[in-house]
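The chains carry the letters A, B, C, D, E and F, assigned in the order they are written, with residues numbered from 1 in each.
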């Protein structure tokens, strides 16, 4: 059993806003992040998969496949986008680092189901860095 | 003569748009950056000053003064903001890395004029990193 | 359940010395670190908390609260200090990376007890980097 | 119980090739990595040990011992080498990041057996970074 | 006048060998780098161009053009290659960091001549990192 | 002409104190750095030399020689030391980043004089990072 991790980056805007709260309450809870003009980050997404090493290839799973999953499911829809306005999940969910990690998991998890070309590798963890000093880890729900 | 550099970070949104062009021309020139919903970055601003070392302090200039200049003139008005919408210079100028470097220079340069508490240090360079792999340097106009 | 991590830095001096040993024994075990004049590091402290995401905020816990806990309990008493001379725990304990991780845990753990404003988040891990190439992880005692 | 991690670097060449496959099959599976002229990386090896802190030293284990184990068992035989041609394990195994992690584990694990000068510390994890964006973790076999 | 820099990475093998010297002389001068099996690095190439900012775009030059120049002239022929065996210039030249910087300059400089789509930007500097701790800068010949 | 740069690290303590000032004046000017218990940093020293590439070796100068100069003149006397107490120059000079850069220059410059084994390479710049966000550059006196 080996754990394999790959990172990729996307640049996106977001803001924090709970529509059930007043402007003042949003400002009190979210501070500068409540600015509805939005602000942005160079996010880093790190995906970890776990599995046995195929003795023919030395791979837990094909790295091009893993790269493609991240590119198609995450980078393409998130990069150079406004998360609140252009990623459907964040119409309902505040796009915090925590929620982005969970949404990334939900988007890519089906690609690791049995019968796909992932060599039996399981999705183990999604980590999202909002900055180098702030990051969230999500391992799915048991 | 010693050159002293200090870095700070701000998170901001921007988009690239020339109002004199059609939507198609903006998209052709600016690609994904033309998305008017905006996207964002963790920018790094690096300010370099040059001067003689004061033998009493060992400083080219007081570092708290330098930190305050960056905080008041740049971080406060740029951090967690939308550059196009909230920083007046970028109502006219496209907020490219190049133009951000020049605008930062113009904002902080008066603080290094004679008679200020900068110990005679001169502003030498402003560097802006949009990502770790893309940055612009501006040295003022001779 | 999401794990949220935040980093902060402090600059401090330390030396390694066991008062029950001779000078020679200290030098043999601790090498250059036994120099009683002290030496120093830019330490990085990384605190990880675990909890459920509050659907109203998208937060495991308020990040300003987490930042304040680290600032008040760790950065203020450790930054620009001599750990052996100014942090009481290290009058008895050698301030190795391992022991610093455990002391940081003990200092901040009470702030995550029930009834505090941490939204039920639990302290999960304290990581201390002495340099980018050397770090210790502490998860508390079961 | 504290987990202590130390990093070191080595520069090495490798290529990916399964001798039971045709040239075309190797190219299809391994892409640019199948180039038999080889290419190379600045690898980072990160070794994590776990144990109790010795109250006399504040150490999980002596860091010079850990550094020496990595230097003698890994850096000396791997650095400035061609992994396929000069490291015996990779005559049979494709030197992927996954397999390098497992081989490093096998080489250093005996050094942490009881009776050695590791203070009872156990080898917990070997992490290999091929690039900053791609890494493998191996925890041994249960 | 603004200076704009972009980084990219390539992984390659090399060795140091002067065919006019004996094996012993190569070993004495080049140490571990003389190993003819080759070793490798994750190289970083950083290209800096200088020019005036086009007021219509805010660009010194189009960044996609700069990215394409680096991709076509450097990454494609260097990445996942053995520099001595697959890059013609290094049949004659030892592929040191210094010589790689000069060869990169020679390969990309014609792309910045007048009449190209570089908006009048001049090539200013090529920097090559062999590791994060070792790099060479080349500014062309006056 | 190529510029070659090499980095190395040292961990040291220091404090800022002007003996001609009162305690209050030191505290006012130097803030937390005036704490006479000292604090410390992981310093990075980056030395840049300039010269022509020797066609036999591809080197501006032998990198082992450069590494040895830094090790003998800087790392050995500075690493795991208290700069104020153990480096003679800082009995008189405040060990600011600026002054450390100048002292490093003075210590290593004689090693690049004609007749030494530096292949005619000239010392061009000394850069000292106190933290990743604060650094000083010194180019000698004309």
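One rule holds for everything that comes next: a residue touches a chain if its C-beta (ideal position, glycine included) is under 8 Å from a C-beta of that chain, and two chains touch if they have at least 3 such contacts.
Because the structure is a prediction, the values reported are computed rather than measured.
By residue number, over half of the contacts seen at A-B repeat in one listed pair from C-F, C-D or B-F, namely C-F.
Each chain gets a centre from the mean of its Cα atoms; for chain D and chain E, those two points are 30 Å apart. Multi-chain contact residues, meaning those touching two or more other chains, do not occur anywhere in chain E.
Touching pairs of chains, sorted by label, consist of A-B, A-C, A-D, B-E, B-F, C-D, C-F, D-E, E-F. Interface residues of chain E facing chain D in the complex, by the touch rule stated above, are 9, 11-14, 32-33, 35, 37-42, 79-82, 85-86, 131. Only residues 16, 18, 20-21, 29-31, 93-99, 101-102, 132-139, 141 of chain B touch chain E when the two sit together in their complex. Within the complex formed with chain F, the residues of chain B that make contact are 1-8, 48, 53, 56-60, 62-64.
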